[in-house]
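So, here's a batch of structures to check.
Note that chain A is present in both complexes that follow, paired respectively with chain B and with chain C.
Up next is the complex of A and B:
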């Protein structure tokens, strides 16, 4: 666990700890009160729900919608545990906390500090909730796809699904997509109009024209007041974050005492003894590594036994089906390999890293000297190459589906496939 | 979001004019039975969809007019501008000096390629005037020469050039006893080509409209104008604004998209029919009142029994009972007169629309087994009355409405084809026998799919 070293200006000052915790609480989104932190050190149950919610908020992917935020505490707790495991959080005691979110505030506090210490946590959170004044080009914000997303509610089909019904749903999806395209074109046309009509209105001459948010500001004073309030609260959070970074050493010293307050872990195979102690040097991890390896071997044995048992059961249902399944697995492996190769090619072809991060749309006169930032032509080129990759992937998937359908159709004698008219 | 209308051929232009006129008159009607603010929102929504603004304030229809001869287009243009209330764009027309003699192949293989570029340029100009394009509405006849052949070609071009935009073709189904000998050939060629390149085919049958004029509107000498006005009334009641899903604070922005998503999501089922209730002369309207219960009961029976209007409905037709057929009796599902639906959209306009009960349309027995009423049935509504009708209901239905007429046309065309009658008129201009065979195959498949619902 790496930790930033800061000059020890305020180390040891008694009043500095509450202020540090208060700054952290103000800087975090949905930050719990400083009292909650104190209670968590003593593992008080009433502090647990607030900390579960905080961790859920902190770990959720950037584009998580309101629906996921309002999930029950139980669902959030389960999800937090899974997300922490994915990120490699080592303390199993957290994984064993009850799902109802009623206990474990100290463990949650430890998890929070683990996240804080590991890599920048506040910066991305602050960036996520930035007040955006410009009209943005959303296409280049990467990382949104990479994070683990919340599992969508799965609809189990009860009984056989009618192919006609599927075709209907597919058609509906296509229409909705086309309607979306039309809406987006409308948005572009209207954006263009606003940018053109507000030429010369912006005080910043590099921008030259107003964005939609700025135009609304002028049109609607109430909206302007709300925007001001949002900017003020964002400023407050940024100020709190700066203060936190100045004072955080005191917090880490306090966290050491929190760890010390933990009862020693019961002897379990995968819980390395050296974790709770001082001196987080590499040597302390060796027993952990050894234990983890032992656990992995155990798991592999268990998985192997289960797989053999299942395969035996499945084999009874028909040899050609399991052969088909193995063939499908092989095909999947090949497909993944091909996709990786395609991605590598596209990356090299695209001239290296793609444009990245939020970009504000600025309309300039044709032929005017270019300012900083991405030109539309380059953006279009980047999007086109991404489109080509996705289309290639789509064609591959479609070809696979066709092959699979042909295989299934061939297996049933007397079945005729008649494609629908057109295309 | 805006809809660009393409008026093709004589019937396309005449109908198009009546539709725009009906939409405009309704949106400026003073008897909307709603608050001033709501009326203004309704007007604004209708205007955004169908009209664009010019400097002197006269709205211009978002339309492109195409015909191979100038007479009908000129009449249409002058009728519109004479009214002084709305007009067509000066540069939105394309016409030639000669006709095409009701020859589908000439329209598709000669006129099409020759004039496609100019026509697509006009369409492009119209599209550029829109802030957002919902899709295209193409009005044409099925059995004529210019409208149908050229229309099929242009629709395919639209598919290539605007592949993401929605396309709905409005088709006039010819009279059963039509005057054109080759109308069945034209019909099957048009239908099969449109089925491949369009998203939805909204059909109006001339026979049905004629009956409505005679029986319901009590018109003695029925002209094409009367028929087109009935048609325009039905289309208006579908395409005028309705509340969006979120509630009555906003009007729906993308009616074409929502309609298609609700009704034609399956690629094999693209045929839509329209029914409207009540329909009567303006004179009788002043003396009539209606209840939603009564209107909806009649509309439901019109759907089930495949009636074209609210008079002469066969009340004996019932949906089949669910459950396994009892042994020894006739299989309960074989009810030859029952019109099974794939999907239905009911649009209610007028007073107390919130109190209307649509339970009858949510009966699973009305629908096919693989699409339940949750997916198959949708309802749009608005308090604002349409065209002075205190209460009115429209039904857009993807059902077995057109199985019999389609089967009949295919049968007649096949009989003619078997003896190769008049085929040379088509092969002369590049429509080969194979194209006919492809068309027959596709339409047989469509008929079979609908029959098996």
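Up next is the complex of A and C:
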């Protein structure tokens, strides 16, 4: 087997596949050795644990890496199975693999390839563990604060609690937020100073000043060395990822053969087996339907009233009035259509006005034209409108509650309900 | 007391929220520690073993142990003069040669050009001067180590080599070099005064620029469409996977369905807000009236579509795959940015004053906090409202519960209403 390099397009090049697999294994976090991949093709059991762990690492949410990585193989295997099924993994065989993580390497290899084929997998993984050289405002992913973390087994068997306990917890939460605000303000002040004091130091003139990480590496050489090592290993991974992209065609051709080597599945009935309960989404589905139905009724009433009023107005005028106003009405129709389309974007795209990706803070002079980048003023504006929207949403929810509770109160005669002052 | 299941779920949610906050606080405090340390006087670096070497020459350095007496005024004056002379020489040189890569000297003391704060009072201590650029060290530590290249221009700081160990090494051997070594008054290094003189080490700069170059390549390969053969083979593979699977394609995966339901919930909220905004307006002329009518009709149409979509999802929702309830799986294990992230290299956020930065950060926190509050509000509503509606008897415990629930749901747990029994005066 010669080591001549051939372009990846020439399928069957004997040297290209091992290199592609090697690149993939270097690019993945905790990537298994290329040998593991080869063993997995033949469904060797010794390859299974490494692949379970890899899939666990790949599928876990970003914040959970630390504690959960040390969980037992069985727990990880179970979790991976559930996660893959929620993502829609089509093969039934995965669900039938034993929980102890000892088998199924070929299936896991197929699962990994399935994840790689569907959506970009490597890039988000790399971006997650990216070495941050600049200072950034904590930019949390949408809803990350609200989303549950990886299930840490909560073993406390709590008894039932009082509403007071809940109020106490809410108060504690409020206090923590206040602390957070204060600390954040202080951090910003310090950042401002550091940026100001180190202006002119950076080799990259777009940046102009050092960040905390860079200044820290100057102060503490040991830390600096570690940072450098992390940078270099990230560079290696990035290089591996780029090489993988150049070579991945052979990998897919190889995966076809792996899939072919699997024994055929017996066709199953349409309903997948082994379900317990309606799952979590069902819990959210019902209220969503009720809310939308309630909204629909309200809109129906409002529209009915307005339409009647409009019809009355048009009747009162003559036909020439309507004809004269056609153009204006058309324009209005278009404007409303555009506005509603923009409204739709707010939930369909899911991103909204927030800029994606990490943002490095750069201090500039107030009057300077500045290079490419987002201006703080614009970001502030976007955040303010988002804040207003969220506040309105919160008040609306609270108003809903108030209405419902007032209805209940109305059903209980003989009591006076005095709202708290200031309302 | 609340029922057991309800209690557990609510307490778990609130604890989650508290933990998230605590984690964020912890990270912030870590950053604060680092930043505060940077703004103080920089301590000399770590190495615990001082290696004071005897220095030849009268005017050159002496390793003065801390027990040495205070310097004489004459020495101080000499020091001053020498410092100024050196500064001038260095300034001249700076004009000639280019900024120092190859540099030198006492940048051995990587990063910290400080005397310790406590001994700063004793100005005269053995010190190594900063050699002007272009001089070479006889021995240099391995170049893999990042060292700051301190420009000598205007730099009067010198490595304070007090009894507090300076880094041993080549720095001490400076004195062999000719233009060397006027002992200079060591000064503490603070970022405020000397920050503009720092330079990043070469190795680091290379690695960092390579890093951003690689990231740029990465994002460009993602957006380029040159991978047709690869894309089609991937699609083929996916189709084959589907075909050889155990059951026919069910269309949407559970994760996608959940995401869709979440989107539609958000849609409901936004549509409601828009409706209320519209209803609150009072149209003054026919044009506004018409516009208002059209908007409301448009909203009605959209709500109809959303409902339709939700109803379409019902059969998928009913058949759930896999065991869910105990393990709370993450909603989106892959980042939920809309579609492909076009660039992963950090964009810049330009600010011009500390006040601006603080406003931005505060708003950011406020938005996150509101997000969390809305989530908690929904969870509380889902659990508590059914409880309260079910209560029949009018005894004090139920009233207390009503009052508590009202406070939690409507006032964020901060205010309470009062319930009075409306009895006729006897």
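Here, the second predicted complex is superposed on the first by the 280 of 423 C-alpha atoms of A that agree within 3 Å, B and C clash if a C-alpha of one lies under 4 Å from a C-alpha of the other, contacts with A are read in each partner's own complex, and residues count from 1 in each chain.
In this section, contacts are C-beta pairs under 8 Å (C-beta built on N, C-alpha and C of every residue); 3 or more make two chains touch, one makes a residue touch a chain.
Just so it is clear, the model here is predicted, and its values are computed rather than measured.
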For this session: Using the touch definition from the top, say if A:189 reaches chain B (first), chain C (second), both or neither.
Result: both
Exercise. Can A:165 be said to touch chain B (first), chain C (second), both, or neither?
Worked result: both
Exercise. Which touches a greater number of chain A residues, chain B or chain C?
Worked result: C
Exercise. In the superposed arrangement, which partner chain does A:179 touch: chain B (first), chain C (second), both, or neither?
Worked result: both
For this session: Indicate the residue numbers of chain A shared between its chain B interface and its chain C interface, in ascending order.
Result: 162, 164-165, 167, 169-172, 174, 176, 179, 181, 183, 185-186, 189-190, 193, 418, 420-422
Seminar exercise, completed: Per the touch rule, the chain B residues reaching chain A in their complex are 1, 131-135, 164-166, 192, 195-197, 254, 257, 260-261, 264-268, 369-371, 375, 442, 445-446
Exercise. Residues of chain A touching chain B in their complex?
Worked result: 162, 164-165, 167-172, 174-176, 178-179, 181-183, 185-186, 189-190, 193, 418, 420-422
